[in-house]
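Below you'll find a set of structures to go through.
The following pair of complexes shares a single chain, chain A, combined with chain B in the former and chain C in the latter.
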Partner chain A sequence: MILAQMPSLLLSVDVPAVLAAVLSACVCALLGNFLLLRKMAMLGDAISHAILPGIVISFLLLGTRSTPAMLAGAAAAGVLTAVIVEVVRRLGRVEAGAAIGVVFSAMFALGVVLMERAARNVDLDADCVLYGALESIRWGAATSWASLGSAETWLAMPRQVTTLLVLGLVSAAAVVVFFKHLRLACFDSAMADALGFPSWIIHTGLTVLVAAATVASFEAVGSILVVSMLVCPPAAARHLTDRLSRQVVLSVIIAGVCAVSGYVLAIVGPEWVGFGHSLQAAGMIAVMGGVVLLACIVCGPRHGLIARRIRQRQLARTVAREDLLGALWRIEEGRAGEPAARPPVGAAGRSARREAIRAGEIESTVGGVRLTALGRERAREIIRAHRQWETYLVDELGHRPDHVHRTAEALEHVRTPGGERLAPDQPRSRDPHDREIP
Partner chain B sequence: MSELWRILTLQAGYNTSVVVLGTTVLGAAAGLAGALALLRKRVLISDSLAHATLPGLAGAFMIAAALGADPKSLPVLLAGATVTGVLGVLSVQWLSRYSRLSEDAALAVVLSVYFGVGVVLLSIVQRLSVGGQAGLSRFIFGQTAAMSAGDVWLMGGVAIGAVLIVALLFKELRLVCFDRGFGRAQGWPIGGLDVLLLALITLVTVAGLQAVGLILVVALIVTPGAAARFWTDRLGALLVLSAMLGAVSGYLGSAASAVWPKAPAGAVIVLAASAIFVVSLVIAPRRGLLARTAALLSQRVRIQREHTLRSLYEWHEAAAPGAVRRDAVIPAGAAIRAGSAWSRRLAMRGLAWRGLVCAAPGGWMLTEEGWAEAERTTRIHRLWEAYLIRVGGHDPLHADDPADLIEHALDPAIVAELERTVAGERAMPRSPHEMRGEGGRA
Partner chain C sequence: MATTAPHRPEHRADSPLSVHDVTVTYHRRPVLWDIDYDAPAGALVAIVGPNGAGKSTLIKAALGLVPVATGEVRIFGKPGMANRSLVGYVPQRESVDWDFPISALEVVAMGRYRRLGWLRPVGRADLDAARECMARVGIADLADRQIGQLSGGQQQRVFIARALAQEARLYLMDEPFAGVDASTERAIVDVLRDLRAGGRTVICVHHDLQTVPEYFDHVLLLNTRVIAAGPVSGPGAVFTPANLHKTYGGRLTLLERAAEALARAGGGVAVGPDAARVVDGATVIGGAGVEDRPHRSPGA
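Showing the complex of A and B:
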């Protein structure tokens, strides 16, 4: 199964496998956005395990491995799981996490035992439910590039791929049509109820779709990939944007990228390092989900760790510089006429001093630094904010005068989103320590 | 049956007895740790932890094989499992602290990604030219049959360790479970105790891997604790009961799977625990579904009774304004209460059954007891109405319905306080509004 070596192999093995992986990853990611927002991520995990008895029972009852029957059985089991979890949580007053743990493990255990009973005449096995069998999907009709021209080739698409395709279209349509309702139910279910869009219907619809996606995927990619794709791409997209619509689109793109790159790494990757066998593709795709998520957490534009660290650094530097200006102001105020002041100490102080000099706010003199005209104006603004805050804390909030300095020291640096320094206007001209408000 | 009995009484041969004993002890340890995890709302972490052990198992196998050691050695595999399991727990904590993910999303991410790594590593292991790869799959679904006396000793050690830790640090663990803020203010190392609790969960999870399998081991932790929670409100009793229920599930489950050797033991043990949970959920006194439903029904009946009695009192007031006569006969057809004639008759029969009314020529009459009760409920209703109007600023027309809701829950102390606040004297207050409907309530 080496990509591109033989067109027939590429078309009949790799293409359907990649298609199945991409489709199931995209469907799961699409639905996962809403699970994540409703804090139901572990419920997705529970459902993807708990469909096992549904599959086995529908097989035992109907005696067929046909997709619609299994889809129905598993979707029923998925919804039943969600219902039982709700019942145990509400009526039994069991904590949500514990309710999920109890219910899904019982369902899965039931499935394993039933499967063992059924195993005599079935080729179902639990391993397949967990990892799927991506590599065994065959598109027999696609033998050459030329065969793609005929409609029959397309009609003979592997069953797993067509199922996923149909489910993907249904889910996408549902999300597009009910986007407003889904958003409302996810962010403010009480308001959704009050406006007449009962959130429980949306909740149930979502659960049914997740169950269906799990079932359609399990044969191809296994439940573990379902869990990964339900959470990782939406979680990654959440670190890239604050808008739900963008998050949904991004998550689907990320899921597709994960699926393709995971498959390629699993099938072709080992060749590069000289390991002669391909790896488990579903597992690799799940790993790629984790890798992409980690990358987004670290490098996200606004909420990423690096971006946040940079912002914190900048803020810390601004605060240090402003504190330096404030200190110089207080020294000038204390001994009028004495221009030079003790230089700030420590590495932070030294860098604050360097920056203030560069900004033209202070200048070096013999034995120290002193404020320039520009610096004096800025320092006045800071001290003014500080003393206004102190007055406010004492007058309006009833703090004691000797307890307000620290709070004001922090508040004096606060700016409005427009960049204005935020300070409460005070009618008095002297602060609680009887110093002038400049 | 006799076979099951021999297994249960540990007479079915050395190996079976070892397995039954081992899973029993494991169940007890898991129940103990699980009860604490349940109170700390941390049970699902054991699910992520268990899934995160797979890469460790496969990795340890590969490393041992590469170094020429025996890759099937249990201590080596479990050491690997512990390493990645702990890494998984740390990842959950890192994610919920530094990313925008909520804790449940972090759990799901760690569970699936670590398991994915494990699956990939397993697919490498499968191709290695050393034997024994098949042994790894027993950790996924569990295989009690493969347990040896040494494994039982390991589980016994874990169980004794868990009991010792819990016994020695009972007070501190209680603090962590119930009031972390208070504990921190008192100067206890809450973070350290949390780590200890996590270590306990890790220990039990790893020890349970080969018996129950990494997918279902979470049930050993969650289910006994959640079942025990229905029976008691006291921490000590909860811990003991949870350990006992865990032990019973392990004991029964492993015995059942010994009788029926094809059944996967882990799943059978989990089903035994789940059965205990379902029974507890339904029949436990006070917190069980039956008890709750019964309490709810009896409360509804009481509320209906009190409403009927009040409408009877109001009928008397309307029938003879100014000079209420207790022995007046209420005609059988009097519109004393909202609802159909049928429901009215049912309500009167209920009152008669409790001896609050008795049959009189042409209708009904309140008994002595019934009169006292009717007076009491009417009084409480009107006191609350008066309170809503005078203190709560309600419109007199809008005080009736809210009073209907609250009057049944007022205890005598509150009634006494209401009297002091709004009535001033012990007489029956006048109704602040017109009676709706003829002598009855809408």
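Showing the complex of A and C:
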């Protein structure tokens, strides 16, 4: 309703809110890639909570809620958190995750206590830290489409948006310029040190940026969204590519999509389905992050569950078809009725038979099926691999002859990455069961 | 004790790696104790010793990756990090996450980062150089593979190629032959011999005693301290059963027992050559194991 009827509300409320959400999500996703690769994704969580005492203390010391003062206090608290986590990990000899958990809960609690006791009568609110106040951002100067033409309107952009914009530009510049060092330090920090790029400097720089992104974001979107956007878009992008540069770009795009779609779903969606009131936008964006991550885990091209399942199905079908050919070969050898000469049965057996007929490997006869010339050649290859493996297992690995059939039954299907069948060449012409190696 | 003397008569100024009286501790426990070693120039050197002997630590100390408690490392005669650009490094294969989203070529190109500095990006010339290094270890066709798709031996070759891309004069390699297939092992040996022919020095942590005489000229037998160092064979050979027995011998030496005692004793105990001297004195006098003595006051 807002969108259609009241352009002034769209411009002064929705546009700045979406801008803040998109900028915040993109900055967090951009930096989150490197935390994720260092297996320190929880550090973002820690920093986003632990900046609270930094903000309160800087407010108490300086008596101002101005952005630079809060940024400084929060950034200091963020770096301090990273340092304390490292100290607790080393001195307490606990793993990194536990150290992070201890530090950030203690810091956040300290912040809450400080806020309740010392800053009660000011407008600092713990709920706001968690969920933000996206809906309360106002772009008062943007009253109509026409007002966008004047520079004054743009200069009067809400403070939250301009802060995030500046931080986004700084972060993007830092990532572009120092990309190779960030990648090096995340991949192999010892090598970074050995090459003369101290990894602690790179990691500290990253931590400072994360702290700054967190504090710039938290007023607008809250720490729940920060944590979600630090982790979900990079993790989702990781499922889509095997190159860090592409992963970083994809994660930023995903974050932007999450922010826009989450906002629309939270504010506009409930109206469409007849819900009386809109939902919490920051929360909805965080939910979208989770949804996208889930979708990428399920549908990713190489590592996704569906892709893996398809590959498994294809392998199972190939195995069933090859087993069918092998069984027919053994029947032709005059061993019908033996377990090894029994074709695969059930649904797998039927589909194997269909596919083998389609491939011209077998043909139907009155009594059932038999190998074609092509099928016989392929069956020979399979039986040969099977018996070579049996010979190898007995002669070279010392397995008992009556124990090797099952193992060879699996190994006969193994192929090299190039697609060739892998089998050990054997000088003997007969296998351990005294059958000919064809 | 002075560690800043410009010239040490007992150490050769031209040695690629000169380790003087180095002690390294981990959680107060010495893992390297009073190490003195001069690597010969233009040789292939194996560092050999049991697990926990400090082999990797010695390499890391030489690279400045772990702090030394006392002593000094010189590289081509210069202390500290002044000559670090002359050193190429091959870390243990397990030290990194092979699921990392990066291609083999991008890893090898890391060897060029030092000459690029902080601001210059990786250029075409760097990638060409990296490809050439990959060809030298026989993996030119794997340049665009994600590193997780490589076999263990191919991953090791990526690390060797990255070290080659550093164009160093001294190479420090941590178990380059660990868990690799036979063809990779041959490829690495060929590269090592190439490097030696080019006057480079290569120091490898090595775990396969059988291949030491075939692959290496010099050996450093290490077990927390230097047991012996010198040529593998020929006159003055140190790769002898007696020395190996000393290196791998089953019984704890008094020094190791002292190290454990120091680790347990906690703070306030000076660890280093001076402490070692005290321990030595105690053993001369009493002959009893240091660890048998109480280290905390009874009431504590």
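Quick notes on this structure:
The working rule: the second predicted complex is superposed on the first by the 384 of 438 C-alpha atoms of A that agree within 3 Å, B and C clash if a C-alpha of one lies under 4 Å from a C-alpha of the other, contacts with A are read in each partner's own complex, and residues count from 1 in each chain.
The rule is short, and it goes like this: a contact is a pair of C-beta atoms (placed from the backbone, for glycine too) under 8 Å apart; a residue touches a chain by one contact, two chains touch by 3 or more.
Since we're looking at a predicted model, the values are computed, not measured.
Under the clash rule set out above, the superposition-derived model of chain A with chain B and chain C contains a clash between the two partners. Of the two partner chains placed by the overlay, only chain B lies in contact with A:Gly97; chain C stays clear of it. Contacts of A:Gly283 after superposition: chain B is touched, whereas chain C is not reached. Contact with chain B, but none with chain C, is seen for A:Ala41 once the two complexes are overlaid on the shared chain. Of the two partner chains, neither chain B nor chain C is touched by A:Pro401. Once chain A of one complex is fitted onto chain A of the other, the partner contacts of A:Ala266 are limited to chain B, with no touch recorded for chain C.
Shared-chain residue A:His49: touches chain B; no touch with chain C.
Using the contact criterion defined above for the overlaid structures, shared-chain residue A:Gly349 touches neither chain B nor chain C, since it reaches no partner.
Of the two partner chains, chain B is the only one that A:Ala109 touches; chain C does not reach it.
Of the two partner chains placed by the overlay, chain B and chain C both lie in contact with A:Arg238. Superposing the two complexes on chain A places one region of chain B into the space of chain C, and among 225-233, 351-359 or 405-413 that region is 405-413.
Of the residues of chain A, those at positions 39, 238 touch chain B in one of the two structures and chain C in the other.
Taken together, the chain A residues at the contact with chain B in this complex read 36, 39-42, 44-45, 49, 88, 91-95, 97-102, 105-106, 108-110, 112-113, 116, 126-127, 130-131, 224-225, 227-228, 230-232, 235, 238-239, 266, 275-280, 282-287, 289-290, 293, 297, 303, 305. Those residues of chain A whose C-beta lies close enough to touch chain C in the complex are 37, 39, 177-178, 180-181, 183-184, 186-188, 190-191, 193-197, 238, 241-244, 247. Touching chain A in their complex are the following residues of chain C: 60, 63-65, 81, 84-85, 87, 89, 91, 95-97, 100-103, 106-107, 110, 113-114, 116, 118-119, 121-122, 146, 148, 162, 166.
Residue ranges of chain B in contact with chain A, taken from their complex: 38, 41-44, 46-47, 95, 98-102, 104-105, 107-109, 111-113, 115-120, 122-124, 127, 137, 140-141, 215-216, 218-219, 221-223, 225-226, 229-230, 262-264, 266-268, 270-271, 274, 277, 281, 287, 289, 292.
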